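Below is a structure I'd like to ask you about.
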Amino acid sequence: MFKKITAADTPFSRFLQAFFGSKLATFGFVLLVLILLAAVLAPFIAPQNPYDLEHLDIMDSNLEPGKKSLDGLAYLLGTDDQGRDMLSAILYGLRISVMVGATSTVIALGIGLSLGLLAGYAGGRIEALIMRVADIQLAFPPILVALILLALTGRGVDKIIIALVTVQWAYYARTTRSTALVERKKEYIEAARLLGLSPLRIMFRHLLPNCLPPLIVIAALQVASAISLEATLSFLGLGLPVTEPSLGLLISNGFQYLMSGKYWISFFPGVALLVTVIAINLVADQLRDVLNPRLQVQ
Amino acid sequence: MTMPTLQVENLQTHFKSRGGIARAVDDVSFSVAPGQVMGLVGESGSGKSMTGYSIMGLIDAPGRVVGGRILLNGQDLRTVSAEQMRSLRGNRIAMIFQDPMMTLNPVLRIDTQMVETVLAHQSIGKQAALTLARDALVRVGIAAPDERLHAYPHQFSGGMRQRVAIAIALLNRPDLIICDEPTTALDVTIQGQILFEMQKLCRETGTALIWITHDLSVVAGLADTVSVMYAGRIVESGTVAQVLSQPRHPYTHGLIASAPSRNPRGSPLRQIPGSTPSLLKLPSGCAFRDRCSYATEVCTDTPPTRTVDGRALRCFHPIEAMP
Amino acid sequence: MLVFTLRRCVQSIAVLLLMSLLVFVSVYAIGNPIDILISADADQIERARVIAAFGLDQPLWVQYFYFIKNALAGDMGRSFVYATPAMGLILERLPATLELAVSAMLIAVVIGLPLGLWAGLRPQSMTSKTIMTVSIFGFSLPTFWVGLMLIMVFAVQLGWLPTGGRGQTALLFGVPFGFLTWDGLKHLMMPAFNLSLFNIALIIRLTRAGTQEALLQDYIKFARAKGLRNRRIVGVHVLKNILIPIVTVVALQFGSIIAFSIVTESIFAWPGVGKLLIDSIRVLDRPVIVAFLSLIVVIFIGLNLCVDLLYSLLDPRVRLSEAKG
């Protein structure tokens, strides 16, 4: 008779099995969770609030990793030129970097996805217009577009998020539209249309879930890319203001001290950035392999 | 008696998979004489293509040729080194595949793909190789060969591409050509032309031919001998006249009887009941017994190959007469 | 083929015009054009010249017309900082950037292609798995941070290579290039390598995927059936098939490399267009920014056009079908 469908047989559990089948991906996932926890809990776990000017002592500036402050607090990763504890600065910086990266990706995903669905479903002039704009946008490297935008608009969290969104949306739009084009020809869309469902409903409830897998993979990769891009822009002095330093700005601060051998001011934030991006890339890589229909062994 | 060009003895090719070991080629034996055409007939999954690849040494993991002998002009191909095998391929044995669209490299010109076949096996100059290529194209009936040589595969029709593949196979004057369903993907009219030309070429050059197909009518028109495969084993093998007009194995009989052309108009088409079992789930003994109306308990043992009525037969209950 | 080329050229010009409009709007609409093109301490004569040349006292559409006219003539105003024509400044520095970009791309291909090929031919081997894992680093490492680390290790700690600048140059067709001198090469090494990292990883992945896919194709099986040597099968049959997508990606990535050179140039004090841009942004030397913008738009649209044409040239299927159709 029928094979009893146990709880372990759902598509989601199969996905989990496939995903965690790779040791590398599991490692990446665990790393990612730890990083996110550190970022979220930064105010609670950081030994010092690096932006609380009352507690900073300029006498503690430029200390090597491991040295202690005058009142006995150990600076595990050293201090910067303002006397800020690097570990705390990194935790706070991580918070901002991840927040900016994730927010911009989510917004870009939302906008790109909607436009892509619209283009794929509606076709005709609307599709041509949206795709043309997307193509022109994609012809230019993201860093360039972001750079120019920020040069014109100045510094600020909102401005850099806008820049990151501008740079990313076209990619989502194009991918969604390609998938939508393929899916829209399938019978279940025809059936939905014949049932008299509104275009909006068809787009979001029927078309969208089937377009999601490639989008999830791209979004995952893009978060890493957005974080990296923001770091680069901040390093160049264009992104976040000094009051909300992300890892990029921290690295930038340390640039001038490299020549005199005070490497830790740039080194450790960079490592934090690197680890974050690697973790996300590992997870995204595995997501892509697992969700790719062509690579699935039935 | 002259030595057969190809003598296959007890060939075994196994594929390892998660579900077990699939015996794609299970104790297969046959021989082909020079200039002779042998049809290797069977449904998809019967192991006929795998037999061809095994002879060519093109079985890749997870498959492996695990037993038997493959004697090409007396030399056992299973004992030669990889480099020796390479020098035999395209040279003394050639193979033609089913899909002409995909066998030619789309980004290389025809002359490149033909000349490289010659140069891989003969140390002659490029010009001489080009001449050989040109002549080969003429022999397979391609007009304007000089233009064609400079063309790319996608500029040819399917039938022409297959002719080019045949021309390539003939370049080094092999002793044996294995054709794996070469006309299945083509138009019926083109099919007829190619069959005719292959037959002519083989007679002229004394090349032995193995024609792998599922289409009995092709075999009837083209081959001298025929071997019928089922689930990796040869169940019946003999001359075309014997096997096709007086099949002794119930499977062969079922195949022939189910051909639509044999059916009187208006009556329902005859079928062999059941479906081909997966190679991983074969019944013990005779693989056909679950679908055979003549099967008895003795069929749970694997029937050995015996000579019955002038042909090789693997059956405990050969059919006596055609209904 | 000709029709195709013409069609693409016309499309490119249309996009170019559209982009010029965008540049114009963004520059002129966000802020006072007088501030943008005339330095605060410019004298009366200069003010009058610029106002006349750019029609800054005229209606907007006339200004756009002058903008285009001047752009075509290469006049994008004078730099506030250097008081020389902005476009001239940019063109002066372009060879340095191009030298860096081309070197980076060369390094990426020379390292990435063989490694990717190896990984694709033997996907299960330890070497292959190592290569793929290392390529993840290539993607994840932030370019600017790696640059800093390179300087720290090779220049500060080991002292093998200089910390920045371009070093000695020699003239080639009247244009100074660094790679022609040993000193120039030493200066070129780190920034070029830094810039190439991302693309090394990209090319490795692409080549590996392409190789794996190509090996599954029937024509490879046929090539083996013909008795061709492995050397030829990989070197000709596989390579020619994977080169087409790789070349197009490489060409497209060239634009990205030029963009990222902005970062590398800042770190290594490489006197190219990118460093000029960052410096100009910092001091708000707007004519230079506008000139840069205009040039980059032209470069990128041109690059995309070249890639399209290149692709159709390389793939005989596309090339010949265009000729027929």
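As written, the chains take the letters A, B and C, and residue 1 is the first residue of each chain.
Following the convention adopted for this analysis, a residue touches a chain if its C-beta (ideal position, glycine included) is under 8 Å from a C-beta of that chain, and two chains touch if they have at least 3 such contacts.
These figures come from a predicted structure and were not determined experimentally.
Fewest steps needed to get from chain A to chain B, stepping only to touching chains, is 2.
Just to note, of B-C and A-C, the chains joined by more C-beta pairs in contact are A-C.
The most distant chain from chain C, with centres taken as the mean of CA atoms, is B.
In this assembly, the C-alpha centroid of chain B lies 54 Å from the C-alpha centroid of chain C.
Rounded to whole angstrom units, the spacing between the C-alpha centres of chain A and chain C is 25.
In chain B, no residue touches two or more other chains. Counting only residues that touch two or more partner chains, chain A has none. On chain B, the positions that touch chain C within their shared complex are 56, 58, 86-91, 94-95, 97, 99, 102-108, 116-117, 120-121, 152, 154-155, 165, 168.
Remark: chain C residues 217-219, 221-229, 232, 236-237, 240-241, 244, 315-317, 320 touch chain B in the complex. Those residues of chain A lying in contact with chain C across their complex are 24, 136, 139-144, 147-148, 151-152, 224, 228, 231-232, 235-238, 248, 251, 254-255, 258-259, 261, 263, 266-267, 270, 273-274, 277-278, 281-282, 285. Only residues 15, 18-19, 26, 30, 133, 136-137, 139-145, 148-149, 151-152, 156, 163, 255-256, 258-260, 262-263, 266-267, 277-278, 281-282, 289, 293, 296, 300-301, 304 of chain C touch chain A when the two sit together in their complex.
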